[in-house]
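Dropping the structures in below, format is structure tokens.
The two complexes that follow have subunit A in common; it is paired with subunit B in the first and with subunit C in the second.
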Partner chain A sequence: MKFKKRYILLILYLLFLLMPIYWLMNMSFKTNEEILGQFSLFPETFVWDNYITIFTDASWYSGYINSLIYVVLNTIISLSVALPAAYAFSRYEFLGGNHLFFWLLSNRMAPPAVFLLPFLNFYSSIGIFDTHLAVALAHTLFNVPLSVWILEGFMSGIPKEIDESASIDGYSFPKFFVKLFLPLIAPGIGVTAFFCFMFSWVELLLARTLTTVNAKPISAVMTRTVSAAGMDWGLLAAAGVLTIVPGILVIWFVRNYIAKGFSLGRV
Partner chain B sequence: MATIRLGQIRHAYGSGRTTEEVLFGIDQVFEGGQAYALLGPSGCGKTTLLNILSGLLRPTAGVVTIDDKDVTLLPPEQRNIAQVFQFPIVYENMSVYNNLAFPLRARKYSHAAMKQAIDRIAEVLDLTDLLSYKAGKLSAQYKQIVSLGRGLVRADVNAILLDEALTAVDPYEKWLFRRKLKQIHKQYPHVMIYVTHDQSEALTFADKVIVMNEGLVLQTDAPELLFEKPATKFVGYFIGSPGMNFLPVRREGVKLSLMNNHLCSLPAKISKVGGQAQAASRIDLKHIKNWELGIRPEYITLDLKPNKTTRNALRSANFKVKVMNVTQLGSTNIVKVIFAGHELLIKVTEATRLAETVYIGFPPDKICIYGDGVLIA
Partner chain C sequence: MKNNSPGSPVDIKTTKPATNASKTDKGLSLTEVGIKNSAGREMTKLSLTFPPRSFNVILGRSNAGKTNLMRVLAGLDKPSSGRIQYDGIDVTSQSVRSRDIAMVYQEFINYPTLTVYENIASPLRVKKLSKQEIKTRVEHVANLLRLDKFLDRKPKELSGGQQQRVSIARALIKEAKYIFLNEPLANLDYKLREELRIEIKDLLRKQGATVFYATTDPIEPLFFDDYILLMKKGTILQYGKAREIYKNPANLDGMLLYHDPPVNVITATVKAKRLSHTLSAEKIKTTLSDGTYKLAIRAQHMTVIASRSKSIKLIVTPSKPFSLKVTLSEVRGSQTLIHLENKTNPTVLSLVTGVHLVNIGATIDFCFDWDKVCCFDETGQRISQFLA
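Then we have the complex of A and B:
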């Protein structure tokens, strides 16, 4: 195939984009001495030690497990709350419906730090501080509004006659919702789950503040790696690589619908 | 044989100040095994009535019964009524087979019975080759046929409601599907109601045609009667192409006359024949202010010369009129004439010879008499 000039910019763009990720991977396979000692495009002494440490040391892998637990928990809670809400917004007209719908999104406009203090104090007083549930619940404050907006967009794309038709075909509302409606908006649910997952997975401030030991997330573990022997660069890089992996996996599953998700389900 | 009855059904959309009434007390009986056509101009309440029958809408007032069981408050899934909408509704994520199976699964059909029912309907509607296709990938026409199939697949339904269900189907295939619908309907004792604003569709499809306008049922009759004896002026005008001609007539005592030609005599007390006023029955003819004669464009006789052989001036072509214009419709021509200051349309065959002035007559047996817009005789 003939090389075309217009590819040059594209290749440069890819290069710049992949550079940090490549460097992260590069570092994760090096020893600390090599990282600090010299400039090398490839690891001269290729080691798996960093990864082995993460998968064997409980203080590291429990960070991933904790993160995954509250992220999944948060995604489940957000979806189960947002699905009925989005259905109501897309199908019924009720007093103040439009205002409520918009107000929901305004929840996302406040920075998470604003809610730090109330959450900390409230969760401590009801005794769920440092649990997975605490982080999951705190994240729903941001994920539920977004989920409602995305799902509403997808649901509004399904004509109301489908509901009526199913009812005429002999399906009660719960049966219709589970057997017909959910499969119809499956892409929407997938994209919504992706957005919930990603927000919760990368959010650092609330996750770190609302946990201490039992539910300490990986992002918090990573910020506390300064030991007596100094920074453990290689270990940190390996942890970074492993943190990107779940995101890549989730994106792969919903890759065809992400654009629609970013437009909140409105094509 | 399910019989569906509507008792004084009224319906209004919205609430409070923005209420919009669309149905004004509808009494109607639908008998099993009969095909009905619900005919009326757009916005007359046809679809609303249909949705009340199927349970998608709860009427503001009135009762719906199926076999004497009150179902007014029951949701659609408990009424066992099939409805096909104007626009194709398919479950896009399912195959055509699963679309057709969907209503059967809800009724817990056995696997064998389901397959048999689907194969039968797929064969009639020519969907056999498409059964494994994803419904979302079909063209609009096939989607419409699939939704039609989903409506027809259940053999045990009380009624099948078709809301202008053939809109998305190619015009030249419409008659084919209408025939298929009739063919399917003949095998089962359910009520079939076909909503349309196309009168030729209604008149060819139905055993009985229900004409609606502005939220009221004006007439329920066989297509021939609808044509020969329209219950109100609206029905006369709405059915037929072109609609019925109307001419004011004079009443002197019990005698009605047109241009000094005796039309007929009325008894002093008469009953209105048509419309919702049937129950009001006997009224004094003095209370009726406007008397009119209605005659179909097809029935007015037309000649080039006055016909003096019969005594009856109305029957023979004896009124001299001026031809205003002629519209050609292929095998027939519509002649517009001015008769005593009123426009009349006359439908004649292409072969009929015309001149600037012609002689027209009104066969007495084809004349309908209307008092204040309602059929009297």
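Then we have the complex of A and C:
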């Protein structure tokens, strides 16, 4: 095949985009000596040791488990709160509805650091500091507004006549909502779950501050890995690779709806 | 087709709908019902009774309030005042779910995630009928609506006409006492509309339900040939049997609404018991007092005088012949609609049977039958007797 000039930019773009990820993977299979010692595009001595350490050492893998627990917990809480709220915003007109919608969204604009101190103090005093629930609840402050916004867009795309038809046909509201309505906005729920998952997974500040030992997330584990022997580069790189994996998996499932999700269901 | 067969003129306003049913069959009645339109404006209060098992065509232009009325009748919207009774039972505050109704929308409303079979079966599944009974009934209805080949498909994979058939099937299978159809054929093409119209008439007759059918098409009330409710800008113009209202419209607005092609409205003046109008120079005897009036002449009653003696003989009370200039002629199927003008009337329409190629600018002689002219006073109210 003839090489076309217009591919040059594309190749450069991919190179710059994938370079850091490639280098991370490259490092994760090297020994610390090789990482620090020489420049090599491929690992000269290919080792799995870094990954084995992560999967066998409880202080490492528990970080992943903790993260997953509060991320899933947060996604469930956010969705179950946002679904009814979004339905109300999309179907009913009520006094101050538009203002409430905007106010809800403006929550999302505040920097997480603002809420750090109140959360820390409040959770300590009611005794849920350093639990998965603490982080999950803290993240709902940011995820619920976004979820309501995305879901409202998807729901508004469903004609109201379907709701009416269902009640004419004799469906009770809960039955209609679960059996007919939720399947209709399934892509929206998927996209919303993705956004909740991603925010919660990468959020560092709240997750690290509200936990110490029992619910310590992977992001915190990674940033505290300076041992007496210095930095363990290979191990850090392996942990980094493993941190990317869940995101890739989730994206894979909702890839067809992401664009619609970014435009908040209004495509 | 739309010829007025001779019959005694009935004042519709005083005619009570014929009820030959038992005590529990009282139809649907409204008492002082106030309806708010989508803009929040209140429509005039309605008191009306729709007889049981009647087919009521609600005719009006868009924004006439047909949908608002229908939604209140069905219970989707609450009336702002008054009471609604189904068979004498007050249902004003009853939820839609507990009412015995079915509805078909203009926009092919089905459940997109369910198959055609599941869609049609859904009202029965909610009622928790046995699987076998659901199957027999779904297959029966699907056969009637020629959907039997598509039961496994999703509604979105069907054509518009088939999608609307699915929602009609869903309405039929419930065997509801009241069926509401809100412009069900408006989004379909011409041929499908005709086909489905015949099917609807056929199937709903057999169901024995009280039907409400909103439409903008003036030919549909006569097609379904039962009751008609004429609406304009949120007011009810007239309610009664479609045929009788066609013959005896109570007001000019109603007559204009309920006729296609448009009715010719000619200004007439009465002076000293003599009526003159702007089509010809004749002056005829009248019982009316002095003032201006409006004469409504249907396009098919503007008769072309081919050979003077022949066609006039068919007319009971012929008007004096007059000439009009052709401005446009459109062929509509097997009829020709000729647009005409004279000095005072910029558009006069004449509907002639057969395909005629008429030259623009030509002059044609016409006359009309005074017996078929409707006379209205300045406010648009009908004056049934005006010829002396």
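Operating definition for what follows: the second predicted complex is superposed on the first by the 265 of 267 C-alpha atoms of A that agree within 3 Å, B and C clash if a C-alpha of one lies under 4 Å from a C-alpha of the other, contacts with A are read in each partner's own complex, and residues count from 1 in each chain.
Here is the rule we go by: a residue touches a chain if its C-beta (ideal position, glycine included) is under 8 Å from a C-beta of that chain, and two chains touch if they have at least 3 such contacts.
All values reported here derive from a predicted model rather than from experimental measurement.
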Clash or fit: subunit B and subunit C on subunit A?
clash
For A:E33, decide between first (touching subunit B), second (touching subunit C), both and neither.
neither
According to the stated criteria, A:D57 is in contact with first (subunit B), second (subunit C), both, or neither; which is it?
neither
Subunit B/subunit C common contact set on subunit A:
159, 161-162, 164-172, 175, 180, 183-184
Per the contact definition, I'd like the list of subunit A residues that touch subunit C in the complex.
159, 161-162, 164-172, 175, 180, 183-184
What residues on subunit C touch subunit A, complex-wise?
74, 76, 95-97, 101-103, 105, 107, 109-114, 122-123, 126-127, 167, 170, 174
For the complex, which residues does subunit B have touching subunit A?
54-56, 75-77, 80-83, 85, 87, 89, 91-93, 102-103, 106-107, 147, 150
Which residues of subunit A touch subunit B in the complex?
159, 161-162, 164-172, 175, 180, 183-184, 186
